[in-house]
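Each in structure tokens, the structures are laid out below.
Across the two complexes that follow, chain A remains constant while its partner is chain B and subsequently chain C.
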Partner chain A sequence: MTFIYLVVFGFAATAVLGLITSWIDRKVTARVQYRVGPPFLQPFIDLVKLLGKETVIPSGASRGVFLSAPLLGLTGVIVVSTILWVNQFFAEGFAGDWIVIIYLLAIPSLSLIIAGFASGNPLASLGASREMKLVIAYELPFILALLVPVISANSIRISGILEAQTTGIFAGSISGILAIIVAILCVQAKLAFVPFDIPEAETEIVEGPLVEYSGPGLAIFKLMKNMLFFVLPFFLIILFFGGLRLDGINLLWTILEYVGIVAIITVIRNTNPRVRIDQAVRFFWGPMTLIAAVAVILALNGL
Partner chain B sequence: MGKTIIPIGPYHPLQEEPEFFTLTVEGETVVDIDMRMGYNHRGIEKLSEGMVFENSTFVVERICGICSTSHPYAYTRAVEDVFPMEVSMRAKYIRTIIAEGERIHSHLLWLGLAGHFLGYNTVYMWAWKLREEILDVMEILSGNRNNYAMFKPGGVRRDIRAEDIPICLKKIDSIVPTLIMLKKAVLDDPVLHARLKGVGVLSYQDAIDFSALGPTSRASGVARDVRKDSPYGAYQEMDWNMIVTQNGDVFDKAVVRILETVESINITKYCLENLPDGEIDANIKDVPVGEGIGHIEAPRGETFHYVKSDGTNRPVRHKVRAPTFMNLPTYKATIVGQTISDATIILAAIDPCYCCTERVAVKDDRGRMLYNGQDLVRLSREKTEKMRQRMGGK
Partner chain C sequence: MSLKLKALLKSPWVFHLSTGSCNNCDIETLDCLTPRFDIERFGMLLVGSIKHADVLLVSGSCNRMSVERLKVLWDQVPKPCLVVAIGTCTGSRGLFIDSYNCPVPLDKIIPVDVYIPGCPPKPEAIIAGAVKLIQKVGGTL
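After this line comes the complex of A and B, so read on.
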């Protein structure tokens, strides 16, 4: 049973939905920018094409770490999405799975840092050190914001949080709205999208940690990012909008909520320039942490 | 903290052209910058000296794809400077229209690229979409989207038809609302302010010391513009403002370029509406012995051409100095002390055109430079000495 959960839900469903999400993102971006945009299957074609390409290992790289870093990141995302799916449809959670998810969500960033330092390229290690600073910057407000549903539901289990929202979703309360604003901006940074694409910064450090990757390694990293692009909005929907509901009119609402979150992320990405790393750290530790803390206090008072 | 070398180039997404910058960094801070050229050298000056005066216009047009009219304009002015002659008013107006159209599309191109370098791809696409309309106008007027081939010593090669003018005016008018919107979106964006204000400041004194040109100097408060200081073409005929700002940072350079685009649109419209009648070509038969200089305000600053004639149908010496040659050294003042994230946008902020600036570099088979500046001076002296001996030791 565990195997089916992992392969079917954790990997296959998330991968397909993630690639579709990335298509939505690319298409919306293209329309905003007076372009036509890619056809629906383009993300899948890109992935398959990359998988068939040669893997080049740079001579200065440490071979084993360089090759295992993408797998590490992918594993992290698969486990997170499995826990989320299982909670959503089979209500088979365990005490403290919220903590485990937060912990595992740091693994993709960690794998990028490892990949950057293992590449033995100055641009890659620069990207890795930027990624490290960015992780330190956004984790605090991210965890504070995600604490709000836990406080409101009085449960640290995902299934408990879902159950508490059967009467009313947390996004309807003041603390929920504040928390979701912070969470979406942190998701932006977790996905390394503009304005927080500082670790990759194509025109500065040429994709940063990924600069030396080619072929399957690069494909797995891209897939990891696309899956994360599905998993993070999905996580937010579970925490703040009462999860996916597939019955009748609620299905439409679920799709709207999901596409809405993706669209907000895409619009932010297309209407901002990249900030500097020091500005990002100041932004997350200053206003974002403050708003998240206010949300936590409001939630503690039942608002 | 240890020093690391971060290479930018020879092939890097930041640059459209092959150039090699080595940034010496401590952590994220740039402590020194060096650059190497010579990847793009084509020997245009020498090529030009082997051509007849008319054909040289086409060669210099190909120095740069973006300021493709600046070089012919400066060159034709240099040839016309060899002997006293007057270009007809209609030709001057047509030249002004082409030169200003080029300024509009060049500044829009820069705006788009600057957005792209900041990760702001929406500005990139929007600016280039606007630029497309201007390229259409240029195609209607000259038959080409770029490399217009409109100039010849003594006038212009192709007349503007009266029935094309309303179409062009309509197309130019159509981009104005979007340009104003884009201008507001760029100039009022708080994130852009945070990112660009106070970054890469070129002080007034540095701008003077490095002899910076064009928008790079005007953003530092140096009110220098060939179109105002030594008027040519039809620029005296109408009122227009020289845009000068005081801060000298990247943001001000963007402001200068965007506002100049608006001014250029007004100049182009005025010229199209008030195009005088008359001949377009003075039909120069031959160029007498003499030398001439021509300088015009290209989108990036003053382009300077020197032509020497010995009475034959070819220039014996043709010297080109593109504005980027003067603007490149300002990196020493603007980049040192900034972070790598800022260094990339500062590198782009002078709107560099490396193929205009390209100089020869002599290397051995291991890629080491064989000659530095002092070697070249020594070689030049030896050559002069040899020539002197050959001419009888005078």
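After this line comes the complex of A and C, so read on.
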């Protein structure tokens, strides 16, 4: 049963939904720029193509770490999505799975940092060090924002949070709205999208940590990012919108919530310029932490 | 046609390399990425790193300085990789044919799959060249 959860839901379903999400992102981006955009199967074709390409290992790289970093990141995402799917549809989780998810969500960023430093490329090292600073910047407001549902539900289990929302979703309260604003901006930084694509600035340090990756390694990193693009909105829906419900009219509501969050992320991405790393750190430690702290205080007072 | 080749033709990521051109071909190449022509419809993306590229767009007259870099890049690119020679300079060296600095055309240095003549070629010509490249590799030309 664990195998089915891990492979069918944790990997296959998440990968397919993540690739579809990345198609939505690219299509919306294209429409914003008055273009037609890629066909529906484009992310899948890209993945197959990259898997068929040659792997070039740079001479300055440390071979083992360079090749295992993508797998590390992918494993982290698979475990997170498995915990979320199981909590959503099958069984009750364990006490404190919220904490485990927060920890595991840092692994993809960690794998990018490892990949960047193992590449032996100055641009990759630069990207990795920026990624490290960005992780330090967004983790504090992200955790504070995600603390709001835990306080409101008075439970640190994902299933407890889902159960508490059967009467009313947390996104309806003032603290929930504030927390979700902070959480979406942190998700933006976690996915390394504009305006927080500082570690992967394409026009500046050509994809940062990924600059030396080719073929299957790049394919796994792209897949990891696309899966993360599904997992993070899914996590937000569980925490703030009462989870995915597939019965009757609720199915439509679920799809709308999900596509809505993805569209907000994409529109923010398409209407903002890239900020510098010091501006990003100041933004997350200043206003974002403040808003998240206010949300936590409101949640403690039951608002 | 194998699945690998089919996928490659459906999502050719291009890397743009200037070997000492006058920048006109480069401007026309970048025009193809604008909303008017929108080559992302066909899955093409402009990538910044040679390690991500499937198609090498070369423009310019291959002068002595840039040829060394061109060879290094050709060694680094993950195969299979296709090469498109954009502009008259890459094909026949154009008006630099008698120059001391441009000893050989591009196809004496690396294998070229398709030539797009013009000084500079129009974006329509570049797109037509890309279509011919896809037909040639896919075996339908």
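As a convention for this text, the second predicted complex is superposed on the first by the 303 of 303 C-alpha atoms of A that agree within 3 Å, B and C clash if a C-alpha of one lies under 4 Å from a C-alpha of the other, contacts with A are read in each partner's own complex, and residues count from 1 in each chain.
What we mean here is this: a contact is a pair of C-beta atoms (placed from the backbone, for glycine too) under 8 Å apart; a residue touches a chain by one contact, two chains touch by 3 or more.
None of these values were measured; they are calculated from a predicted model.
Colleague: Based on the superposed arrangement, let me know which partner A:I45 touches: chain B (first), chain C (second), both, or neither?
Modeller: In the superposed model, A:I45 contacts chain C only, not chain B.
Colleague: Go through the superposed model and pick first if A:P195 touches only chain B, second if only chain C, both, or neither.
Modeller: Only chain B is touched by A:P195; chain C is not.
Colleague: Could you tell me if A:T271 is touching chain B, chain C, both of them or neither one (first, second, both, neither)?
Modeller: A:T271: touches chain B, not chain C.
Colleague: Would you sort A:V32 into first (chain B), second (chain C), both or neither based on which partner it touches?
Modeller: first
Colleague: Tell me which partner A:T203 touches in the superposition: chain B (first), chain C (second), both or neither.
Modeller: Touch status of A:T203: both partners.
Colleague: After the superposition on A, what does A:A145 contact: first (chain B), second (chain C), both or neither?
Modeller: Neither chain B nor chain C is touched by A:A145.
Colleague: A:V211 contacts which: chain B (first), chain C (second), both, neither?
Modeller: The answer is second: A:V211 touches chain C but not chain B.
Colleague: For A:P122, using the defined touch cut-off, is the partner it touches chain B, chain C, both, or neither? Pick first, second, both or neither.
Modeller: first
Colleague: Between chain B (first) and chain C (second), which, if any, makes contact with A:A61: first, second, both or neither?
Modeller: neither
Colleague: Which residues of chain A are in contact with chain B in one complex and with chain C in the other?
Modeller: 33-35, 202-203, 206
Colleague: Quick one: which bits of chain C touch chain A in the complex? Just the residue numbers, please.
Modeller: Chain C residues touching chain A: 3-4, 7-8, 10-11, 35, 38, 40-41, 43, 47-49, 51-52, 54, 76-80.
Colleague: Where on chain B does chain A make contact in their complex?
Modeller: Contact set of chain B toward chain A: 4-7, 12-14, 28, 115-126, 129, 189, 191-192, 194-195, 339-342, 344.
Colleague: Can you tell me which positions in chain A touch chain C when the two form their complex?
Modeller: 26, 30, 33-39, 42, 45-46, 48-49, 52-56, 202-203, 206-207, 210-215, 218
Colleague: Can you check the complex and tell me which residues of chain A touch chain B?
Modeller: Interface residues on the chain A side: 29, 32-35, 122-123, 126, 194-195, 197-198, 201-206, 270-279.
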